[in-house]
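Down below are the structures I want you to see.
The same chain A turns up in both complexes below, where it pairs with chain B and then with chain C.
What follows is the complex of A and B.
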């Protein structure tokens, strides 16, 4: 039995949980390749025209997986923190994909809604486990393993590793070398995990920044309780989970005063970001000291445009600090 | 005398300047790129060589900027390769020391740079759309059969500018044709176009930015007095156009080259002989992975000088290791 996991969207949030879980059940996990031109082209072909790039990319990943696996992991994600809801595209994901792509294998489309309580995550996993085995003890053991791995993953993020770095640390065990960042300036790069850590769609933004000698921090590196604390500084929350994380992380880095600038990465045509981007802009404006840049990503591979802006932005900060 | 060369290769124009140790412009050159960046750079270098010949000037550093900065940097052997935002800001704050706002409209892009106390604090650049930039004005001037040089002064003759939609150049064009077929005069239409461009620029590029005087307007479009007048009307402040407005990027690149060489101690300049070398750019699609990157090869007299365009970096490193 092979279960397919698309390497996008919730992959960067849930993979360290579901991967050991499926393996604990004795199921082989197949992840789609890293995003590339073929996957994006395929996605653009399959997706409804006005969806955002990340959704088009997901369709491409599903197309790349569909003939290689027996079942697809694409749950209906409603709430990951028990308070906020995910973007409607996550809620309707299984349906959207099913009606766009022909010849799909079976889909694990269980609903995950932590508004039903903290234990809901385990009930969610248990229900999935029952599809593969009747051995309840085996499922419980798999859940336990998944939980342990996931907690370890969260810890690595808080230490300042990106999800990609954390994945490889988890795979190699604990002996992987810890490389502290040695840049001259520190930037908060805000955005959704599936745009930030997907090297293809972000046109290698994190790599570019590294090559300029920039230390990068992201929303994933802010402790959950700090995000909660920041949420109280706003009169009203946004409706969407990932958007809230971004806005609160922005507030956290502004309050914490350790960053030299903020970059917001947004996908062209992202609905929730029309609010998120403006809110971040207003927050940084109110602060007055921290430079702010918006980077918009889209289907076109506009590397030159992104590079020019980011290079100028880094120059601005270095000149301000007198490094250049 | 020790001098520094700055080259700005943009989509429409390619500019060269030679500055001395104190930043005075000794030679400036404005050429049309005409889609041939390598040839135009070689042409320009030949003209610069003639201009500096016999004056005892020694090129001690070269800087490149503009959208073809990497390519040009390899061709001439640049000491610094910088983005055009930094280059323009450096030049503006050098020539107008207390400048707080730089408006720059070039052939294919437009930007706004905010400086406070000589330091860039914020900037914005137009997105992919080239509405309201120099190439659109060029196109419209050609359509109306008016030399682009007279475009601006014609706008100043207008008594009641017509209103033209400036958000998209395709719509602006149909608007202009409509107005022209209704019987409006060319000066009124052109003045309307200038207003529309400025409105579009301030709404898109200048959105939410605090535009404080002194305001410097540079880039090729600053030659257009109609646009300058429209900016002054919209902003309500005087708009300064520096003497070398059309080559500011190149001045910035030259200034950056000066400081880069100070740090490095020597220049990588390949000499004027490059104008007679045979540069060749070729490209191919790498089939190593599904990304199918378009790799560009730059070779001189058959020897590969540089490669770029790949995502993984393997072609770039292959060059270094031979």
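What follows is the complex of A and C.
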């Protein structure tokens, strides 16, 4: 039995949970390849042309997986924090994909809605487990292992590792030493995990920044309680989970005054981002007047274009700080 | 308090009536034009949905005319529209306009809600007057919906489209002027009779098309290039899924809360999840229109509209299963009337052809 997991969207949030879980059940996990041009092109072909880039990319990943696996992991994610819902495209994801791509294997499309309580996460896994085995003990053991790995993962993020770094640390299995980043300036890079940490889609933004000697912090590195605290500072919050994480992380980094600038990475055709982007731009302007840059990722973003803009932005900040 | 509000279909007739009766000075926003839109585009986020941009432009024009308070609607469920008011306010403040925003749920979904949220609005004339005013406003809403749905039926048949437009607009004016429940009823009856008296050609059965999609672009003619009129003038009967009051009898596809549920039930085989906006409704409505023997469905949505994109990607399957053609029009500031008309013409041909084949078979 092979279960396929697309390497995008919730992958960066849930993989360290579901990977050990499936393995604990004795199911092989197949992850689609890292995003590349072929995958995106394939996705563009399969998707309604008005969709956002990440959704198109997802379709490409699904197409890359469909003939290699027996079942696809593509749950209907409704709420990941018990308060906010995800973008409507996550809510309708299994349906969108099913009616767009032909010849799909079975889909694990269980609903995950943490508004139903904290334990729902485990009930969700349990329900999925029952599709594969009647051995309840085995499922519980797999859940336990998954939970442990997941907690470890979250800890690594809070220590300042990106999901990709954390994945490889977890795989190697040893405890990571926290290496202080040695850059001269610190930037908050805000965006959805599936745009920030997907090297192809973000045209290597995080790497580029590092090569300029920039310490990078992202929404994933802010503790959940802090995000919650920030949410109270707004009259009215947006509705979508990942967007709110971006907005609250922005407020967090503005409040703790540790960053020299903010970059917002937004995806072309993303509905929520039109609101998110304006909101954090206004927040930044009103609060600390630190430099703010928006990087829009579209189907044809060339690395060169992004690089020049980011370089100019970093130079500006360095000059401001008297480093250049 | 100098108060203004945005246009959405004919709702302005009722909103301005309410505000004036409550003793406010109403600043009429100009009817949205190209200029409104380009003003809105200039000060809105690039990928904001079309309604956001039109409203942005409207507010700027209203503020220029001296409005210090804007009454607006909160929007359709958990979607961007729910955040419109907040962001509009922040953008206006950032530009240096000190305006107040009062956000109500659209389109006067329930008078109770209006009541709750309108403390600020009510202080002037006291509460006794209020019940009366609300009753009249409510009646006006019903009358407007009746008038519109009758227009939809009669426009395709009317010999002179110009005449029926004129009669309809006169009817709106009658309703606008009415100042008691009795007067509203009289105005309504008179307007309906006048519509019915416009000479009509009853020799053919017009194509029947359901109009679905995101509420604002469905209801506001400026946003959809007056699609109902274009279709009506082409001799097509348009049945709109959304009315100002969604539950006025005979108008909406189905009635009341039960109707909402029914639409959702119809959507479940395809989309078993509420997704905000009108997304799930859109799917369910296509199913119901097909069952009622409509010739086709037109889905209207702003470009980048999240729920409608989800709905659209499911549409091909619904359309195939139920044998009903669906045309999706995504609207943005670049959409032109000519482009829409061409696509509508092609769609009409398709529906005619389908109808011909059906008749031959039976």
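As a working rule, the second predicted complex is superposed on the first by the 315 of 324 C-alpha atoms of A that agree within 3 Å, B and C clash if a C-alpha of one lies under 4 Å from a C-alpha of the other, contacts with A are read in each partner's own complex, and residues count from 1 in each chain.
Going forward, a contact is a pair of C-beta atoms (placed from the backbone, for glycine too) under 8 Å apart; a residue touches a chain by one contact, two chains touch by 3 or more.
Since we're looking at a predicted model, the values are computed, not measured.
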Three-chain arrangement built on chain A, chain B and chain C clash or fit: fit
First (chain B), second (chain C), both or neither touched by A:89: second
First (chain B), second (chain C), both or neither touched by A:223: neither
If touched residues of chain A are counted for chain B and for chain C, the larger one: C
Chain B versus chain C as contact partner of A:277, first or second or both or neither: second
Chain B versus chain C as contact partner of A:235, first or second or both or neither: second
Contacts of A:37 with chain B and chain C, given as first, second, both or neither: first
Angle at chain A between chain B and chain C, C-alpha centres, nearest 10 degrees: 80
Which of chain B and chain C A:315 touches, first, second, both or neither: first
Gap in Å between nearest CA atoms once chain C and chain B share a frame through chain A: 5
Where chain A meets both chain C and chain B, residue numbers: 285
Residue numbers on chain A that touch chain B, as the complex places them: 33, 36-39, 200, 204, 281, 285, 291-292, 296, 298, 300, 302, 304-305, 307-309, 311-313, 315-316, 319-320
Chain A partner contacts - residues on chain C that touch it in the complex: 44-49, 52, 78-80, 82-83, 86-87, 90-91, 94, 270-277, 279, 303-307, 309-314, 316-317, 330
Chain A residues touching chain C - in the complex, by the definition given at the top: 47-48, 50-52, 76, 78, 85, 87-89, 91-92, 95-96, 99-100, 111, 235-236, 238-239, 269-275, 277-279, 282, 285-286
Chain A partner contacts - residues on chain B that touch it in the complex: 67, 82-86, 119-123, 125, 127-128, 208, 289-292, 311
